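Chains: A, B, C, D, E and F, in written order; residue numbering restarts at 1 for each.
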């Protein structure tokens, strides 16, 4: 297990040092959300109505964009092979990288969501549910995303492919994430079933993600 | 001038061969637009009302995402230096790269816009204006974007930075692009002033973009 | 002293794409032996080394390490290829520290001491706190090679280790290899340059294949 | 026959970051001369070559090519650094074809013939239609070096050209350099290996500087 | 030695340090006095607006902050021009010192504006042209600071930032005229300072003047700090170099011919 | 002083204003002090600038 944390620590440090991963995603999120009213016009009612959906989609896209780098930089500079030759099973290695992605990308995105929600005039009641649903969705995003990242490792500029592969996997997360928020807005008890399903999706992806990603990596490194 | 076209041809061929640049952008555009109804619910009136704004923003983001590669791949494999040692002034070189970006990213994005507009139930009247405004905006996007690409060339994962630097430059394009569409929807003659300004913005960026990008590249290659 | 081991190749063939690059090669490397792979460009040196590192599956035959535990090939070797496996934004010491912590423990010293030691042996201790992005080609190479000292493993697989090194550094690398083999380790090294290694065995890879290719 | 030229360095200093790597160097390279830069890792060979290529501005002093046109330094030289400048997804021939078309014309042959010629001289014509992604290290290097034949320029700046080449290919490169200097060209070559070039001048860069650095 | 022009003399960092040491205390004092007068007038003399009530008091800080946000960018742009075109040795120091100050005042304009917007418009934020363009200005400042921080080599960072600074000037007219392009809740800027009642105009002008002087003083102080930082850096490097020359020398320096 | 129903907004605005300005001023002051201190320490160790050119580019850091 100590190898797992060593790897995790290194990835976190690299993310901090390079700044880019976190930065890209956060900046993108901020920018998408501030461009939106420019495009849709300043109608606050309209904005507040579409706010949960917009925020969820923007978050998903921001996280998606940083996925491609999950294994790529290590592959390009030769460290992925050396890491794979280390003590950690490839599954745990993929898990560590996905976790690092969740921590350096997902969490900061969720943390600044309230500020953006304010600018979109989101109903105050919706804040806790929105944040909670996003927090629950983050693991699914990063761990399912790792599958796509591993599959597209060697395709140059695999951006499209990655997005195309991962998007269908994200649909349940997105649907239940948003429906949790909408349910909470309409009644006090409505959200709990959506939350249950969301958690289930996340749990499943915690298992499936690393397994599939490791299998893909094994083939990629041939 | 023949060197300019040689370079342009090479960039176009690379874009086709690698597939990625075009692919990433197109895929991203498609995905954003198809996620939207999932996030906002299937209310067609709502969708058609926000369609021009959404399409413009999604196009902008899609183009923005592929910017970072404009000079980066050539810098990383050492060809940028060799190209700079060629017959073309750096300004024209930057111009050729921006033009290649416009042709391989901007144009395909504009071309598939009608399909996506259909999915969002955009008012039929708006199609020609939307396409025209996007077509007019494309040069501004690529040429202003080249400034950001050159400025962030050496910063690792300059994604955020690039977006942060370029977004403010894109605001006028976005505003006038959308206002042209809205004006056309409300009356037959309304759009022309927006179109004029949009063309002016594009023309200015055709000049400013290569100049600033070349200045930045000169510093980066030191 | 590592447990005496043997690297055994039995009728190994390795293909790249659709072409068979290495055909029906049998070879035994005993503990304490160093094998130099030579041959023209495109002969298949890199291909063979990657197969030994478990990164390419042989299309026929079997590669195994005999006498060791049941860990697989990759866990028994240090592979340093054309790429150095360095993170440009981390300093040299941080890069090595990661490997020292990540790779399973080394009996003789704490991981910090081990890094320190390796830096000194490769004569890059003055560069310890510099991000690797700022190193010259040879300095990067040495930092990359230092990884083999971060954990004790029986088999070293080095692909043109001295390509961008000056004579003094190349000697240092040869001494490291000598010390490793003297200690019962094995090494397989692809090289174009004569290396000042004690008693190397040389395996010349097919000029024929290369002639086809180039 | 190229017009006789001279490369003149007057009291040139070059800094990297804040450190002066090359201090107060004066040097004249006459037409037909080849200069080998040697010295330990980190001595500043790459730094000097990049300054000659116009890619690093000297912090003091002046670098100029005398007797040529008024084009600037970068236009007078071919610089092949540690990187090969190849596009992985284009074939070897396509890569070279681009340079042949892009760089200003060569009197003797059409650009297609020129590419063909260069491939043959570097003995990689069999690889012409293979994407460079699939080449071995030495094959890539040769494809990268072929760029210097794509346009006639008086000054060749090569950074460790033979690093990953086998002996035969290294000889080919040396012959190319000889032919270039015999034709009145100049060459400055950083290298760790002895090169079989006719009558080279050697410039040993400071061991002192390197000792500081490494 | 030619006689130096005034700008040449000011260009000399040593001279700048001497001059600014003399001027700076007076600037601080002047700024403090002006702001004190303004605040006295704001809280004890100026009337409440018949429409906006007492919330109009926010104006006396909001408007100066907004003006200084734009002035800050003006300084950045001018300095960038000075660096790229005249290679003025102090230009980059000035640009670097002005960016965080401008960003701070932009943030203040945004925050005070929001806090004024809630009672006036019923919301903290609307996406109208003026507010959005000020937000964009804030992004631009962030971009300048982030770009400078992310480029390792200081002189390259200076020049790259200057390029961005110059390209970004386009934002200033956008902010100024954005109110005319878009239907907007925000006060149009034309002639407000002329038409408003003197009982409110005088404190506003004094307040604006006071904060402008404060800005200039802070900018001067920031430039002094930056010059000192660069001196420290070059001295540290000298120290490192001295330590290194005491290393054993192995062979001679590059052969010179 | 009665600031009417929206007093909280006025105080908040002034409060934030003062806080931000105070933070900037404190940063400027502390930063200046820190630079002066290190400079003095270096000079106390007898380290002088290599070039005594008063207009040296290194001085302003704009050298290329």
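Keep this in mind: contacts are C-beta pairs under 8 Å (C-beta built on N, C-alpha and C of every residue); 3 or more make two chains touch, one makes a residue touch a chain.
Owing to the predicted nature of the structure, the values given are computational and were not obtained by experimental measurement.
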{"item": "Chain-contact steps, minimal, separating chain E from chain A", "value": "1"}
{"item": "Equivalent interface positions on chain C and chain D, same or different at half", "value": "same"}
{"item": "Of all other chains, the one whose Cα centre sits farthest from chain F", "value": "C"}
{"item": "Fitted rotation between chain A and its twin chain B in degrees, CA, nearest 5", "value": "180"}
{"item": "Remotest chain, chain E as reference, centres from CA atoms", "value": "C"}
{"item": "Separation of chain A from chain D, taking each centre as the mean of its C-alpha atoms, in whole Å", "value": "46"}
{"item": "Chain B-chain D separation of Cα centroids, rounded to whole Å", "value": "37"}
{"item": "Rounded Å distance, chain B centre to chain C centre (Cα mean)", "value": "46"}
{"item": "For chain E, residues contacting two or more additional chains", "value": "132, 139, 146, 150, 153, 159, 233"}
{"item": "Chain A, residues touching no fewer than two other chains", "value": "18-19, 23, 31, 38, 41, 156"}
{"item": "Where chain F touches two or more other chains, by residue", "value": "63-64"}
{"item": "For the chain B and chain A complex, residues of the former touching the latter", "value": "18-21, 23-28, 31-32, 35-36, 38-41, 46, 49-50, 52-54, 56-57, 60-61, 65-66, 69, 155-161, 163-164, 167, 171, 174-175, 178, 182"}
{"item": "Residue ranges of chain A touching chain C (in the complex, touch as defined)", "value": "2-3, 6-7, 10, 13-14, 17-18, 73, 76-79, 81-88, 221-222"}
{"item": "Parts of chain E lying in touch with chain F, wherever the complex brings them together", "value": "11-15, 43, 48, 53-55, 57-58, 61-62, 65, 83, 87, 89-93, 100-101, 104, 107-108, 111-112, 115-116, 118-119, 154-155, 158-159, 214, 218, 221-222, 224-225, 227-236, 238-239, 242"}
{"item": "For the chain F and chain E complex, residues of the former touching the latter", "value": "1-7, 9-10, 12-14, 16-17, 20-21, 24-25, 28-29, 31-32, 35-36, 38-39, 42-43, 45, 47-50, 54-55, 57-64"}
{"item": "Footprint of chain C on chain D - complex, ascending", "value": "16-17, 39-43, 46, 82, 123-124, 126-127, 134-139, 141-142, 160, 163-169, 192-193, 212-214"}
